[in-house]
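Going by the order they are written in, the chains are A, B and C; count residues from 1 in each one.
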Amino acid sequence: MRQLHTAFVITSRGKGLYDFTDEVARWLAVHRAREGLLTLFVRHTSASLLIQENADADVRGDLERFLSRLVPEGDALYRHTLEGADDMPAHVRAALTQTHLSIPVRDGALVLGTWQGIYLFEHRQVGHRREVAAHFLGD
Amino acid sequence: MRQLHTAFVITSRGKGLYDFTDEVARWLAVHRAREGLLTLFVRHTSASLLIQENADADVRGDLERFLSRLVPEGDALYRHTLEGADDMPAHVRAALTQTHLSIPVRDGALVLGTWQGIYLFEHRQVGHRREVAAHFLGD
Amino acid sequence: MRQLHTAFVITSRGKGLYDFTDEVARWLAVHRAREGLLTLFVRHTSASLLIQENADADVRGDLERFLSRLVPEGDALYRHTLEGADDMPAHVRAALTQTHLSIPVRDGALVLGTWQGIYLFEHRQVGHRREVAAHFLGD
């Protein structure tokens, strides 16, 4: 049994979903990870992680628009407004999605379904450099 | 330290929560899992996983109705409509709940609270065959 | 490779976020946990866990108010009302946030970002004694 650590850096270009499934799979392949548990953890509170459909790009667009409407900017409810109109909504959106993902690895592959991809979900209007810590535990 | 893999298959009969706590507990018992970490991962993007109250069935009904209202079918916002009026809402509902669960195992039992059950959450109107990958790491 | 188990008890004073990052870090330090995976699991369905910003307290206040408005008490939709007007909203809020968190440990520290704290999220009006099971697997 062994452990691997790394960090994936994803440079976002504003609100939306960024697929980094291939980077994760490549890292596991390079280290010949066969059986174990992969954990991803985003080190920010205005971005999050999500498993979502990787087939029709409209799914990601619809999801982004749904969240933008559910958690609107300029809501009179917010007191935390000094960091920009999109900052507090970003924290709420991150709370409603995932900060971490754990995915079993079996026979050398992530057990993702056919249509599942791993996404960084950027919640700020402006692009950011996002860091996702990765940890593998297994053989 | 050892690893176990399996897949639980849950056949849903449309939208709602399906308890499979007993199947998980039985699998751990058969393999005499004593101490470790169980991870469950649903291999779909229109179903999800949830820990929820297992006492009053009204809780699950209310949760289902709440999500059906929060994420309505036929919303003019959606572009992804070809797979049915319930497909895009299903992706949103999955994004707002969980794709995976990790639960510690201690003294041969999941550390669930008295009123906690493990549920598959089906988000499509029609029943589906859902696969949940399971992984145990420990002793 | 070794395993550690404990339970953190957090006494809440009603709805809101309670930081227990320091208790977790102290426990890992006392046991000299260097490399591995920490998993936290809340043993209740009307409280949850969340990684959130630890800088401006207004973020937590805004998040609390956002969820109170999104999931209102006294909603005509609820049938599960016998345990109090805040009980069913608490279950919905727990479903929309997290029951468990997994955080990698590297070089003796949780890989949290600078502004990230670990919170218990109490969803009931009255204070409760909440139990969070903790598990560490690693070196």
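Keep this in mind: a contact is a pair of C-beta atoms (placed from the backbone, for glycine too) under 8 Å apart; a residue touches a chain by one contact, two chains touch by 3 or more.
These numbers were taken from a predicted model, which means no experiment stands behind them.
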item: Shared interface numbering between chain C and chain A [over half = same, under half = different]; value: different
item: For chain A placed onto chain B, the superposition rotation in degrees, Cα atoms, nearest 5; value: 120
item: Whole-Å gap separating chain A and chain C, where each centre is the average of the chain's CA atoms; value: 20
item: Numbers and ranges of chain B residues touching at least 2 other chains; value: 1, 37, 70, 96, 98, 102, 137
item: Chain C residues within the chain B interface of the complex; value: 1, 3, 5, 37, 39, 41, 43-45, 70-71, 75, 77-80, 88, 91-92, 94-96, 98-100, 102, 131, 133-135, 137
item: Touch list for chain C against partner chain A, complex; value: 1, 35-37, 50-53, 56, 58-59, 61-63, 65-66, 69-70, 96-98, 101-104, 106, 111-113, 115-116, 137-139
